[in-house]
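First subunit A sits with subunit B, and in the next complex the same chain sits with subunit C.
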Partner chain A sequence: MKLAISILLLTMALGLHSQASFRGGYKSPQDLLLSLKEKFNGISGSSCDSLSDNDRAAMGDQNMQTGEPFADEPGAAFVTVWSTCLNNYSYNLFYSTDTSPELLAKRTQIVREIMAPLLAGVVDEQVLKAMTTVMVPASEAEREAYIAHLMRWVLGTDEEIQAYGRMTDPKQYRQDLMRHVFPPGVSAYAMEGTRQALLILLKRDEFLMYQ
Partner chain B sequence: MKPLLMVGWALSFGLIFQAKAETIGDFAKLNRLSQVIRGHGPTQGERAELETALRLGNGARFLETKTDQYLASDQHAFKMRVRLEELFRLKTAARLLGREGGSPSLFESEYHEKNALTYLFTEMGRQNRSWDDLLIAKDYRLFPSERFAVIQGIGVNDYGFMAALIPDLKSLSGTYSSELSNETHRDVRFSGNDPRVAGAITTSRFMTRFVTTGLNKNRKRAAEVFRVFLCDSMSAAIPSTEGKDDQIFDLMLPHDQSMTENEIRTMAQQSDSLHGSRPDCNACHFKLDPMGRTFLTSPFALSAQASPGALSFKRGQQIVKVPVKGIGELGAAITQQPEYVSCQVDHFWSWFMGSRHKLSDARRAQLSAEFDRVGRRTNDFIKILLKQPEFFELGRLMSEAEIRAQHVKTFLKKCQDCHKDQYNSNSDDGSFPDFTKWPIGGSADEMARWTRKISRAMDLAHDGESPVMPPRTAPWRTSLREVNLLKSWIADGAPDETGRRTVAP
Partner chain C sequence: MNRRDFLKTSGSFALAASLAELAFLPAARAQGEAPWFFVQIAITGGWDITLGADPWLTALPDQRDMYIEYNPSDIARIGNIAFGPSMLPIKNYASRLCVVNGVFLSPSDNGHGAAERYMQSGSTNQSWGDFGVEVLETRPAELMGVATNSSVYLGVRGQLVTQLGNVPSFMNGSSAPFQSSQNDRNLISRIEAGLAGSAQKLKTLKDIVEMFKQQGSNVGDLHHLAGLFGAGLSQIGVLSFNENLDTHAAHPGTHLAQQTKAWEKVAEVFDLFSKVEVNGSGQSLLDRTTFMITSEFSRTAALNTSNGKDHNPLTNSVVLLGPRIKGGTTIGGSNLVTHAQSKTGSSYHIASPIDPATGLPTRVREGARIIRPENVAATLIESLGISRKRFASVPDQTLSLSKWALK
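Let's look at the complex of A and B:
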């Protein structure tokens, strides 16, 4: 239950506006997309590289007639669009078949950042191959350290996370997330669990809000 | 001088950090600065740099340097552009930071990227321009925007828009020409006292967004200027209690298919007469019409002839009227009004502080003075705001009472927008109380009286079945959700943000 609550925390909150969009401090549609592009080092997010007219309302853009956002807060339509974006980025990061040198270099750099604890000692040329074969750490302590690393990569330090006032116990959250994506006693490749963890963390309010 | 300012900035950061126990830590501060100024969090490298700075005892200085860097970034310039597009109710950017990737679905994307207004919006943050330039700038970067002109077949790009003012643009007439293919843009500058041009409001994008017709006579443009620069929403307040709704409707929509042209003309004259004689209509029109006249000669493209008009509005119970020779003087006149300054401070506060902290009258006055002190320069004023103690306060979830009160106030604001300029025969000064300041009317008795009045006007007893308010002529309707919200709020004693009842249930 706790996990279900903590996976997707879309709550109305008082926060910095920064600009319009959804009420309560959620990022503007442009900043949401920019945040992803920034996080993934500029690799393509396919349809999420620009703000399409079809997605404006779901992403919280304003109604030009009234100046009000189309929706007060992120709802089902937002989650649908956002999930598509996250899937696009994660697919292009982990599964792309594009062999252009520029993209390979970007993917290598970003995968190394994300999976750093598991890829220590792997040379750059081997990173994209190694990511598909590296296993989930056997010890719980190592798994937890890896989850902590992923959280820090997506959301920042515990101090940054807690400043949003939404997560009071990051340690407990890590435990919940770890059990969900790396179930105890199951030996598996790390890549898919890592991808799942990213998809969950990138839907957190701490990523979607200015503050 | 500069080192002194730097020390002051660093000290103020340090003082703020130490003064409030509930403020956030240094990593969270860096994150907040980055998110609000650039739109995304800090990089891993920046976090590592902060770690080093903190070890060396340079945390405050590091944050100060980062603030300057962020404010000088393209992301900040882009964010200010999007903020201004939202403020002006324009279509916001589709492409991210001008990246060519993706597939913007409309040809408009190119036009929206390359036009004088978008350029000016972006320059506000990039060049730290004076905020007044939105109303008084005389320099423009014009773009030919060939594709837009071709598709529309009309001269609405920047070149066509300015052609009457710039002789050698005349031959281009705003439509696509292969002769233009090598010219990507042109920088033009008019004299400082040119009455024909006024920053953002004399641009093609503004004029085509807020079009004029024979019926609205530039009032739409004037209303937008009032809304953006003087925070006057200019909503019409036309009570429906006099049984004249149909005539007002006919005035607004005089195109019943069953009517002959003569009938339409006759009815329009009657409606005009009715409209012009109603005090509630005049509450807006004494402001809109004189300002609308400054746009008179520029229905579509900018005219070489300035059109005189006036800035006219109410300050308390006094009428302020400033005659002007043209739009250029109008823009300058607006920037000289205290209402303009406090309105712009409100915009900045909303952008950088949000709804967590209400801006008190005293703080608004203090920040208005700061706005003037820094020459109303965009980034300089943002830095002032980032030094306010509220900026680094710990985030928190809203209580149920706060959420409810905020929703009710959002609804009542719509009522307030219409009624604020109406004459209230029941009050000493003839004005309506602010519905969003509780207790409404300043006392529990008045609050009770107003909630009863609201309840009756919205017919809450019958779930809003036959409401008097909003009137049929209003541009919005009450949803069932809003009816239920108001009904339960009043039934519970109209509780404020703390959950305290303001009237007996």
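Let's look at the complex of A and C:
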């Protein structure tokens, strides 16, 4: 009986722990990391696979002494930790030199999803090679369509995005983002611009908050 | 009012962001003085003080009482400090160091965690954070809060903590944050815009890191700590050096080598800090930084049956360095109680009471004081110029060692 009660209390404590988060609807540290891992198809996030207590605190975890989050809302420390995680995941996705078949398969699948408009017709075996050489589309309309695809992949449809009330004009946002990561008149490979766009989008409240 | 209360009171992020630049300014600088810094270094695992700050100095002891692996006559003495062989890497800084020996924690071993908390905070109350966290509670926080290479114990405090391993991405990610022209209420975008407002500090951080690179350094956490301090992005550091010192077996040779590595890292911090100038003041970070170097406890005097040394909370040492610390000084000491003298039949190494008039070990019990971690903490509070009444974790009536340890 004592054991059962102990397990129940422990389960409740762990449950409460995982629910800790900033105020205002931000996901708990655990859910944020799960969201990221899910987005990146289970590839490693290096140091972000298991965050330190301090990093978890920066991401909204509760202070076990007080039961309250360490901060009311994300701050500079959150940005630092989250940016590091995004960098880790995106480098491991686009720049990993690990040739294990399992990782290559995961990367292939996720890169195909992310860069789908640019990799049409490329066979699976060539996806990771093609992603490094495919160019940014020449026309502005194609570039904007590609950015729209990335926004949908990270944040959802325009309607879903606007439901959060953070972004008033998704089309304007798309165009601004496009000019930021794919500057007009510059012919470049698409991969780094794509990575930069993901880093920006994954810092949006629409990704960081519960629906 | 701490940073969190301040943000609550201000009621809006925008106001907080507009005032952030003010908050970045340390109190001293706001008053027209140069800033000061604080770094606490934990050499984890439990060091052998006879190999470091409290070496054996008289005739070789009976090895059943105390095992040492050097000739006491070879111990280097600089000023009033005796340098055990592992601590030689910092001997060039002897004129700035104050060694506090004979720091008593508890009559019995309570394990690494409890001892670490006590040594690191000066309090046995788990509500209080590491000493550096409590220091930060008394002053305006900078952008990056407490910088650490491992973890910081916060207790009930809500201070920001920056992992030094995250500094490279902070440097790279903050140069040109994306801002959309549409009415954007995204919180992270606004925070990043605020960070970009600290562009000069970021530039200084990058310049310092670049300077280290050009000097041939393999840039890592310690360089980033110096960079954050030099740039005014942080003033409090909590460092942990783990060199596997918990030698319950195979102590001879092993522990000395490992403990020497830890002191080499401390020397590296001192060296790096001496290369960074503070705000064109003509003074280096080292001139402006107060250091507290501890381990959770010492190790038992004699070897156990596994040729190891176990936890010894009966005596410990702390090494201090800082602008107000009186260099070349040793306070307190320790005694060896031989197996023949001991009621248990086993020898033990224990803190010696000090004469409150001299700070030196005394055998006269009347009026003598035992140094505890809170006495060291009280000394540091005074050395940093913080009002004792503002420092919650160490009661203001706690005896400080300032008379002997401070200039």
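General remarks:
As a working rule, the second predicted complex is superposed on the first by the 190 of 211 C-alpha atoms of A that agree within 3 Å, B and C clash if a C-alpha of one lies under 4 Å from a C-alpha of the other, contacts with A are read in each partner's own complex, and residues count from 1 in each chain.
We adopt the following convention: a contact is a pair of C-beta atoms (placed from the backbone, for glycine too) under 8 Å apart; a residue touches a chain by one contact, two chains touch by 3 or more.
Since this is a predicted model, take the numbers as computed values, not measurements.
Applying the stated contact rule after C-alpha superposition, one finds that A:D53 touches each of subunit B and subunit C. Of the two partner chains placed around the shared chain by superposition, subunit B is the only one that A:Q30 touches, whereas subunit C remains out of contact. In the superposition on chain A, A:V123 makes contact with neither subunit B nor subunit C.
By the touch criterion stated above, A:E113 is placed in contact with subunit B alone, subunit C being left untouched. Touch criterion met: A:M167 reaches subunit C, while subunit B stays clear of it. Shared-chain residue A:G156: touches subunit B; no touch with subunit C. Using the contact criterion defined above for the overlaid structures, shared-chain residue A:K203 touches subunit C, although it does not reach subunit B. In the overlay built on the shared chain, the residue A:Q211 is in contact with subunit B alone; subunit C does not reach it. In the superposed model, A:D61 makes contact with subunit B only, not with subunit C. For the contact definition in use here, the residues of subunit A common to its subunit B contact set and its subunit C contact set are 47, 52-54, 65-66, 165-166.
Those residues of subunit B whose C-beta lies close enough to touch subunit A in the complex are 24-28, 31-32, 35-36, 39-42, 44, 47, 75, 78-79, 82-83, 86, 89-97, 99, 101-106, 109, 350-356, 394-398, 402-403, 476. Considering their complex, residues 11-20, 23-25, 27-31, 33-35, 37-39, 44, 47-54, 61-62, 64-67, 113, 153, 156-157, 159-160, 162-166, 209-211 of subunit A touch subunit B. Residues 4, 7-8, 13, 126-127, 143-145, 148, 150-152, 154-156, 158, 160-163, 165-167, 169-170, 172-173, 178-189, 191-192, 194-195 of subunit C touch subunit A in their complex. Of all residues in subunit A, those touching subunit C in their complex are 47, 52-55, 57-58, 63, 65-66, 68, 70-84, 87, 165-169, 172-173, 176-177, 180, 199-200, 203-205, 208.
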